[in-house]
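Scrolling down, you'll hit the structures one after another.
Both of the next two complexes hold chain A, though its partner changes from chain B to chain C.
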Partner chain A sequence: MLAKYVVRRFLASIVVVLGVTLITLVLMDRTRGTYVPGIDLNPALRPEDIARLRTNLGLDQPFYMWYLTWIWNVLHGDFGRSMIDGSPVMSHILERLPNTLELTGTAIVIGILLSIPLGIVGALRRGSKADHALTVVSVAGFAVPQFWMGLLLILVFSVTFEQHGLPWLPSSGATSPLNGGDILDRIVHLIMPATVLAFFYLSVWSRFTRSSMLEVLSQDYIRTARAKGMSERRVVYLHGLRNALIPLITLVGLELPGLVSGGLVVEVVFGWPGIGRLAFERALQYDYSTVMGVTFFATLLVVAGNLLADVLYAVLDPRIRFA
Partner chain B sequence: MAQKEGDSDQQFELFEQFLKEWSRRDFLRNAGAAAAWTAFSGGVLEFLEACGGGNTTTSVTPKKGGHVIEGNFSDIRTLNSMLSSDTASNQVIGLMFDGLLNVKKNGDLIGALAQDVPKTSPDGLSYTFKLRPNLKWSDGQALTADDVIFTYALAYDPKYADVSSPRRGDLSKYIESVTAPDPQTVVIKTTQVFAPFLGSHGSYGILPKHVLGSMTPKEINTADFNTAPSVVNGAFKFVKWDKGQQVTLERNPGYWAGPSYLDQYVYKVLPDSVAVTTQLTTGEIDIGPVDPSQFDAVKIAGNVVLTEFPTPTFTFYAYNLDPAKLGGQLFGDKAVRQALLYALDRQKIVTAVYFGHGVVANGVEPPTSWAYKDKPQVIYTFDKAKAQSLLDGAGWTMGSDGIRAKGGVKLKFEMITNAGNKQRESMLTVMQQSWKDIGVDATPKLIQFPQLVSQIVSVRTFDVFLVGFNWTIDPDEAPLFHSRNTAAGGFNGADFKNPDVDKILDDAIVTLDKAKRKQLYFQFQDIMSDQVPSPIILFNTGIWGVSKRVQNADFGPFNQFGARPWMKDVWVTDGK
Partner chain C sequence: MIHPGQGQAVEREQAAPPFEGDAQRPAQSYWNESWERLRANRMGIVAGSLIVVLAAIAIAAPLFTQFLTHFEPFRLDLDHTFQPPGQPHLLGTDELGRDTLTRLIYGGRVTLGVAFLTVALSLSLGTTVGLVAGYYGRWVDDLLMRFVDVVLAFPAIFLFILMSILFRPTPITLAAIIASVGWGGVARLVRGEVLSVKQRDFILATRSIGARDVRLIVRHLLPNVLPVLIVAASLGVGQIILIEAALDFLGLGIQPPTASWGNMLTNSESYFFHSTWLVYFPGITIFVTVLAANLFGNAVRDAFDPRLK
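Presenting the complex of A and B:
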């Protein structure tokens, strides 16, 4: 039953991947005009240079030919080379991926670890000062744009701290340019970007845990559990939390592709050498092959994340069955 | 997921809005300082004299050791000198690969791998370069004329036509042959006398034949060497490139000009110009280009010395003069073009948009050029009355709606530039307001950069475009103003065709007689000042922030990028 479901979802996801990559390509192609990616205007550049470089990049052919060639190559495991720097797209992705996973993974873990307890507290002490404070914080997390919070942190913890001779945090990059790269160095660079990103997850998930918990706690089986004299602790954690967390799984599962793409704004603000920033910069430069590679990758993860969430959901909640 | 993407889009809009707000706030704060600066930058010549000041002179003995981190918001694309077309890449390449020649900060050519500027044959066709004795690659192999021949072949020899070099068009047109009578001598024979040759093509980093020589053209396009050069001939050797973060170089002990003082040099990629300021302030970077809007913020920090000098980089707007298009009807009459320029208070633009860091252009040649004519035939100072009388005289009469018209055609058009460039966006707004005052209805329109480029080089359905450009050390301006470059792919998107200008530009490149060239370019500047097909608003200044611990940085108009001949002499006072 499950296997059949997975196969069906997999087949559907091929259509999704094809659709998303095709739309991405058409959007780039329609807005590119006659621009040749990677060529800066300079007086020594001649019309014949531009024409020749366009042909070299395969941009003299219609976009559907380019797309078919791309698909054919991808089926053979070849993601092509960047139009900007000639390096393999796969090596770009693999080089950036660990950095992105480091950032988003840390943020997601911090988010989960903090949001669940906070959500529970909010639900159990509904209406209390602590609950109100949490509400304010999480609404702020929704409302405050990530770039703004990022710049604010840089201003305070890099610039101001440095000026006052306090220990300050580096304002960009994943490692120090010289003699960097050890664990401590990476953690120091990670603090600010991971905080900004985790704050967002924290806000969403703690609200969600709270409302889900409240809903579960008002269920009949909770009243039954209490009525039969079960300790409050057992009621809350065994019966309440287990059921309340099920919807959260979906939410976190949906956030899995965010492991790759979710940190875009944060990556740009903190000059983090990750996938999101790569895609953003290369989209501005019309680097077709790199953008297509990242899009393909991200789409695949979205599909896989959804699938994983659905499967987990069924495993955790016996009421759900695949049809 | 779809919703999440929507969120981040929105956040980006907010981000851009924020940046705008930010610059506005800075603008208010800087307005006073800018006024003072304007007074200072009045005399361009004195300004030139003062250029490259800052921390260049020192009586202390230089110390060996330590590092310098340079920050910039432009990422590197390739480390292969014959494939590169952007300044960021050229700059890092220049630290690892010397060319035959190099450029001093005033634009004078000097010998690099070649002992001296080459002798020219009497017919002006051949250049004979003598290489320095005992030149070595960093792996110990001898660097000979063969390497030079190989490097130039990549961009002119038909055998290498598949190498994606942006230099092929020019080089294959002008190079007849590159030969080596002996391993120490290189003779480049050109197909015709071509005055800009040495200045434009004499400084390309020479590549090692013994590493790349056995590869096919396609292999060269994608060689590992392009991202991690194993062998160099310049002041620094390649260590590593952490993509999206930094390129690290170290001293090349066998450098022909003597080893550098620095142990290491790092080129660090930053998110934007604000980050450059932040990191100059915190000391995370030692050198960085400073945006005019950030000038005061850096100055206040106190640990950084600012160097400012004029450059051949400029911002201009161009009319579509194609008679078949609307622009041709509106701007075909030079009186209209002149009127619009008189109506612009360009000094105000320099003050308001560039915080005073720029020089109003009198003509089309940059003040940094040896062919610059200080006072061309017509000089445009802000004169609204004159603008109006010129338009009246040309038959453009004011309508009841406040817009001038002639023969039923309104003086109404669109101005395009690329979205995201704050300064260009502001300039269009100023132009819109200034021209509205004289009854001209100009609407700014922001488009993406690739579309702007397409408009300039091929589509050409625009009325007016505004963009920036950068001249080389040679005064030749054919790319923008020669009629042959109105062809698709050429940069004369304005469709400016003037037989006199064509003749002057042609004559001026087929003689090596500098005095004669200068005289021709003076004529050229006079005609252009009368015709104003593409008025230049300002020439930008180059502004660099250099940490006080860094000594001997010697930035000037022509040696900011590319092979900085002064980089090997840079040292740091704390030895770190």
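Presenting the complex of A and C:
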């Protein structure tokens, strides 16, 4: 049953990926007009050069021919070359993806590690000062604009600290331009952007853990566990937490697509050389092949995240059945 | 049966659906009850009032600038750039000598207007699609919902970038752009509700006395999905303000010189060393507004969501 369900979802996913890439291409094609990507890099181009460029880039064909060619090539593992700088799209993605994964991965891990204990505390001491404080933090985290929080952090920890001669944090990039790149340097650069992202995850997930935990702790099997004299610790952590975390897994799975596009604002504020910013900059330049490549991967992540969340959920919760 | 993205709804799946033949209660009482619950939530009422006040200020912006700030939102004053907060500029001036408070008040018109328009657009489109898909089922449902899948799987940010190049963002087109992503979630939600309401006896009864599809959908299904819509709308406002502010900040939304809370922050990094108020005030305004919208949204959900009882 599960296998059949996964196959059906997989087939539906193909439709989704095709739909998203097609819409992206159509939108880009409509917006481009007669502009040829990269044309303004060389002002000395003659009209016949531009015509040749158009032919080379495949822009003299209608968009659906371009799309079919693109799909054919992707099926053969070829994502083409950037229309701006001529290097393979794959190498661009592979260059930027690790940075993005480093940033969002760190934020997600910090978010999980902090939100689960905080959520448990909130649920176990419902109505206490700690619980109220947690509520305030989580409500604030949900309402603060990420780019503004980033700006404030830069203002305090980069600008003000430097003005007062304190050790300051770098405000931009993933490594220092000079002598950078060792692990300590990367961590120092990671602190502020990861904090902004993690704060958001923390506020959502801690709230969710709390309510999920409260619901589980009111179930009959928890009363049974207590009634048979099991220690409170075992009740809470073995029987309560394990069941409370199941829905959280879905939520984290649904956050996977955010790995690529969700961090864009943070990447822009902190000058982080991630994949979201790559797509952002290249979309503004109509670099079809790069944007299509990133869109393809981003959509793949969305689809995979949804599928993973559903399947994990069903595997972990035997009450769910597939139809 | 499971749908992608169903996880969030799971924590409240066992509660009773609305309007389930509860013979003792008159049909009116659901709304009265919900309204009473909302009124009893002091935090929610305070937050809701704040939103109303902010909206009133935005609508009456010319009055406020006339009698309170005495400045025009677009008037440049290059002799008084980067004035710190005080008199006569209560919240200081920016790099072109424009009064920050005046621009915040006018920015509120744009930001709040876009937010409410976006909610209205995504609700009407999402509700229509959800009702049609859920009611007719079969291939109509399959077709529409696969399309919704595509919309929801779209990395939203690319859609925003491309659409904002395609349609030069004005408040109205910006609302349409944001709503073009937002309606998908509403459609899924409404369809889910319709699927369960459709099974009830009163629908069968209505059909058996000869009601047509349109009447059935508009008069009988729509009122039953209304609670879900009210909750979705009030929870959506805050998130939409955040999205809009981020787009403005990235330069994809409202274009200068029109002020919006987001685009007032676009270049603020350049002023870090001398004029920090230009960073503080627009951000605080966004934060407080979204906070109020979210708290009000939570209160509405607690009061109106029939599944939470």
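The rule we apply is simple: the second predicted complex is superposed on the first by the 306 of 323 C-alpha atoms of A that agree within 3 Å, B and C clash if a C-alpha of one lies under 4 Å from a C-alpha of the other, contacts with A are read in each partner's own complex, and residues count from 1 in each chain.
Keep this in mind: a residue touches a chain if its C-beta (ideal position, glycine included) is under 8 Å from a C-beta of that chain, and two chains touch if they have at least 3 such contacts.
Being a predicted model, the structure only gives us computed values, none of them experimental.
Of the two partner chains, chain B is the only one touched by A:R46; chain C is not.
Of the two partner chains placed by superposition, only chain C is touched by A:A279; chain B is not. Of the two partner chains, chain B is the only one that A:G173 touches; chain C does not reach it. Within the superposed three-chain model, A:V268 lies in touch with chain B and with chain C [touch as defined at top]. By the touch criterion defined above, A:V20 reaches chain C but does not reach chain B. Look at A:I84: by the touch rule set out above, it reaches chain B but stays clear of chain C. In the superposition on chain A, A:R233 makes contact with neither chain B nor chain C. Once chain A of one complex is fitted onto chain A of the other, the partner contacts of A:H164 are absent, as it touches neither chain B nor chain C.
With both structures placed on the common chain, the touch criterion links A:N56 to chain B but leaves chain C unconnected.
Common to the chain B and chain C interfaces on chain A are residues 31, 145-148, 151, 154, 159, 254, 257, 264-265, 268, 284, 302. Those residues of chain A that touch chain B in the complex are listed here as 31-35, 38-53, 56, 81, 84-87, 92, 95-96, 145-148, 151, 154, 158-159, 162-163, 168, 170-175, 177-178, 254, 257-258, 262, 264-265, 268-271, 273-274, 277-278, 281, 284, 286, 302. Listing the residues of chain C that touch chain A in their complex gives 1-2, 4-8, 10-11, 146-147, 149-150, 152-159, 161-163, 165-166, 238, 242, 245-246, 249-250, 262, 265, 268-269, 272-273, 276, 279, 282-283, 286-287, 290-291, 294-295. Contacts from chain A toward chain C in the complex involve residues 12, 15-17, 19-20, 23-24, 27-28, 30-31, 139-140, 142-148, 151-152, 154-155, 159, 211-212, 215, 247, 250-251, 253-254, 257, 260-261, 264-265, 268, 276, 279-280, 283-284, 291, 294-295, 298-299, 302-303, 306-307, 309-310, 313-314, 320, 322-323.
Residues 1, 4, 8, 11-12, 14-15, 18, 67, 69, 75, 77-78, 83, 85-87, 162, 164, 166-170, 173, 200-201, 221-222, 226-227, 242-246, 248, 264, 266, 268-271, 274-275, 278-279, 281-284, 448-451, 453-459, 467, 469-472, 476-477, 479-480, 485, 487-491 of chain B are the ones touching chain A in the complex.
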